[in-house]
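I've put the structures underneath this note.
In the two assemblies presented below, subunit A is common to both, partnered first by subunit B and then by subunit C.
Then we have the complex of A and B:
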């Protein structure tokens, strides 16, 4: 009897949930939640960006454009903006290049090899980013790091990677390539092997097979992977902080410094909002361009 | 089924001289061989897919590789294409060893079961692919693509994308794409298996025409024995990675060398028995737990007395029981020397053009018979009635060594 009652309760509650959905309660609840905890804080932050910084009172409610204009006008801040976008773009390109190699191998691999590869690719997602960043610190630290010791043991001068843009790039690619690999892998899995074989029999070398068959057919995967890697790279905080240090500020770390140490909330807010806007604009522009390209290549018509 | 030799074929049908050699043709000179496999073996994991296969494909012929799934027939094509190397043995194209030549330098054409047109290119670009890869001038590309599309009679679809075409159109485009590069051999991997029966028949005829127009060498993999017989100049039957029989369609169809070939080529009746008597032109076989049969057969040097006797279900005659003959004991023959077997009709199946009967002689012996019918209503047969089966001596095939 107990089981029956439980079952009946489940059924009735399921019916109730479905009813709520149909009446629009549940979607309304979701919208309300998003408004309250996502849109409102961001809106408030955008508003803070228009306030005036005051060293003692934190900020005054005098509306000003200074904070937003500074991002473009102040060469230091615009330099950080450009670096942020450049690093994210290079990290995206590197991820795409490496991602194709890894995803192709994953597609060909069978059994144990496939499992091990998948595990390696996914590991940055399964381990805390702080642990990962500090692991890189152990390897890359100037003078005392593993790499440095190895170079010295061989009588060579160790290259400087830590606290340079190379270090930040390494961290970004290492952390976020997984998004590229996963979306490329899904795209490659969808390409029928016989298409590749047909191209081979028709005289296409591996290079031609890649440029004329694999690349165009995996373009959707490349696009979604690129968008993901670019978005998370441009807003990445931890890797630039630990591997780049204060020498290589990016927008996220600079905004953090402004908010936490300088306590200039209006400037920090303006930077955070503009980072989000720049990412959004880049994503939209890129998607538009790719769609146009795909139309020209005839992918959509196929 | 009264399928005879193709009209174009010069070979004379024969009834008595069953060839027992692997190949009916004389040894080929190297200039006539387009593709050759020498002692090729291939293993995938634990599975031995091909076992020391030897095969020579003549220039300008259609060789059908026929066999059930898992027989290794597609593996033969993939090895010739060079998608993976053989474990043992060698592959020669035009007499040239190609073990170290990658697929894209072998100058092949291949047609796949799934059509495999490039979905992001229109028909023209698909057909042009092999030519643009070879860096031909745009004018030459346009001219040759146009000729190839004419060959498959789909010139008007050049601007379409593959997704806008029917399966039959896609496969014809795939054929044009493969032929436009003048390959030394066209490899076909069950190209018509995804099409419905009517379209399949149409395209068989069309492929045959295209082959005649171009003189291309074709290796055609299929699991459909009727398709192989219709299309091929020679048929190679594969089972378990071994070539069971290689010969022209008529020979393979009429004179199966092994029990596997007989069953695969549609011999519905395969009985096991023992030779109990030999004469100059016929032998007598005692079936297990059944009657004796008399078959025309050359007396082979094979001493084995255990044999399989095969007969097609269409070649058995059915008549009313005759009280004068007693089928239970020994050999019963009719007036012209055909074996007679009595039995009771167990099932009757109407298939449109024919009636399929299962006639039971004894617990262990049932005979399948197919009767052409013109009017179902006048059929004199009913389940349970006794009938007299005539097994013509010239239609019984005896396969030694069972």
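Then we have the complex of A and C:
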């Protein structure tokens, strides 16, 4: 048995050495593909962010920091930056609140109910964002939307939701709450039910059970879900564009405006790169947190 | 024994309200797509398929669908092919480069799609690829590539390596091993990667919004352009038709491969 194993290893490693040269092209081809069509476009854009805007020639190759500095210095752009981060933070909080409720029920549910719950929760992830935006448009559109006609039929003034921050927030929570629910669901599934029963037997109220047992034990799920929702919300594009429009610009939609209509490519580039950095920082925080957690759990188990 | 960890009835009721909020807009959209009125109305007045017929006879809708379908078919095939190469690279040949290569392969997922779309617009402008079908195909292939790599890598990880070694012992060349042993074994993973990429490509708006021209507008872009001007039963019909298409594909995925697995993969940052 041992001899056979050794023989097999020898044969395969011989094949491996012979194949190594032929195989080098496989990774090389992929790396070339990604360098050409992923790294290069992002790299070029990072460079554009340092170029100088010129109203007639699109841009000059004079290197400047203006575009990046303007994001913090220009009150209009920094206002958009702050709004983007604020809306993403509120959307994360709302998602966490609603997410706990839905994930708790999902954990309790069995059979058909569980399947239907999962299908509905996951549906915003499967359906094209333009379709989701359109579904909300049917309800919220000023004058022609269902909500507007319902209020008018009752003789009331319809509330303005579209083209306000509430509309954008609604779109964000609607689109991305699913990430929070999935994270929390995974975390809640891992909590030992007997802990909760023990607490209840000892007379703990639902509030105490939540704050002393469920919340601390599901904290990893809450943190990873929050970082995920924050990352996708702060770079969300279509929902803010359709439900917020020009009235409520966020970084993503403002960059689109600059690139497609104002044709200020340097400013658009600088904003896009900053947006990527915000996401990158969030993702790095997420990975670091997960790794630290795994190390700590590993220590506990070991 | 009943699990009462969440306070029972209150949680249940609140959950149903939240879920109603998720599903109601989509259902309302379906409902108004059947109205006989020219404007959207709820409850719908009468019942008619005329808006679906109007959509099918709408040259813009048809051309958008055909562009979308072409881009989705080609880019999902490319993405699956590159996914196989990526999976083989990571599991077989990467060696000590496995981590950096994994980071590179997954990178398109970690960059916001709006940022990549802008980059593509500038990049393709300097290459003359803006407004071309090729540009769209490249963009969608890059965007779906990380999903394909993950799915194929997972399939390769589940596969028994002994089979490959047996083939090697029996004198199969590396090519023969890959084509006649490895690929047939991981076929379900590859098909899943293709279907998933197809679905993502079909529903993506942002890339096409930035780089497609008047004659290469995908269906989602056409819907976006119209959403700015009108809310009509015909638009509701188009959007509803897209939901049906998506769920039909999702059903195929779920029936054959189980839905949860993909969604778990999709969300990873």
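Simple rule for what comes next: the second predicted complex is superposed on the first by the 238 of 302 C-alpha atoms of A that agree within 3 Å, B and C clash if a C-alpha of one lies under 4 Å from a C-alpha of the other, contacts with A are read in each partner's own complex, and residues count from 1 in each chain.
By our rule, contacts are C-beta pairs under 8 Å (C-beta built on N, C-alpha and C of every residue); 3 or more make two chains touch, one makes a residue touch a chain.
Quick caveat, the model's predicted, so the values are computed rather than measured.
By the touch criterion defined above, A:192 lies against subunit B but remains apart from subunit C after alignment on the C-alpha atoms of chain A.
The partner of subunit A that touches more of its residues, comparing subunit B with subunit C, is C. With both structures placed on the common chain, the touch criterion links A:107 to subunit C but leaves subunit B unconnected.
After overlaying the two complexes on the shared chain, residue contacts for A:220 are found with neither subunit B nor subunit C. Of the two partner chains, subunit B is the only one that A:208 touches; subunit C does not reach it. When the two structures are aligned on the shared chain, A:158 is found in touch with neither subunit B nor subunit C.
In the superposition on chain A, A:200 makes contact with both subunit B and subunit C. Across the two superposed structures, the residue set of subunit A contacted by subunit B and also by subunit C is 200. Listed in rising order, the residues of subunit B touching subunit A in the complex are 81, 83, 102-110, 112-114, 116, 118-122, 129-130, 133-134, 161-163, 174, 177-178, 181, 183, 187. Of all residues in subunit A, only 192, 194-195, 197-205, 208, 212-213, 216-217, 297-299, 301-302 touch subunit B in the complex they form. Subunit C meets subunit A in the complex at residues 3-7, 11-12, 14-15, 18-19, 21-23, 25-26, 28-29, 32, 39-42, 82, 85-86, 88-89, 92-94, 97, 101, 104-105, 107-108, 110-116, 118-124, 126, 138-139, 141-142, 145, 165, 168-169, 174, 199, 202-206, 210, 220, 223-224, 227-228, 230-231, 235-236, 239, 242-243, 246-247, 250, 259-260, 263-264, 266-267, 269.
Those residues of subunit A that touch subunit C in the shared complex are 8, 11-12, 15, 18-20, 22-24, 26-27, 29-31, 33-34, 37-38, 40-42, 44-45, 48, 98, 101-102, 104-108, 117-118, 120-139, 141, 144-146, 149, 174, 177, 179, 182, 191, 193, 196, 200, 206, 209-210, 214, 227-228, 231-232, 235, 237-238, 242, 252, 255-256, 259-260, 265, 268-269, 272-273, 275-276, 279-280, 283, 286-287.
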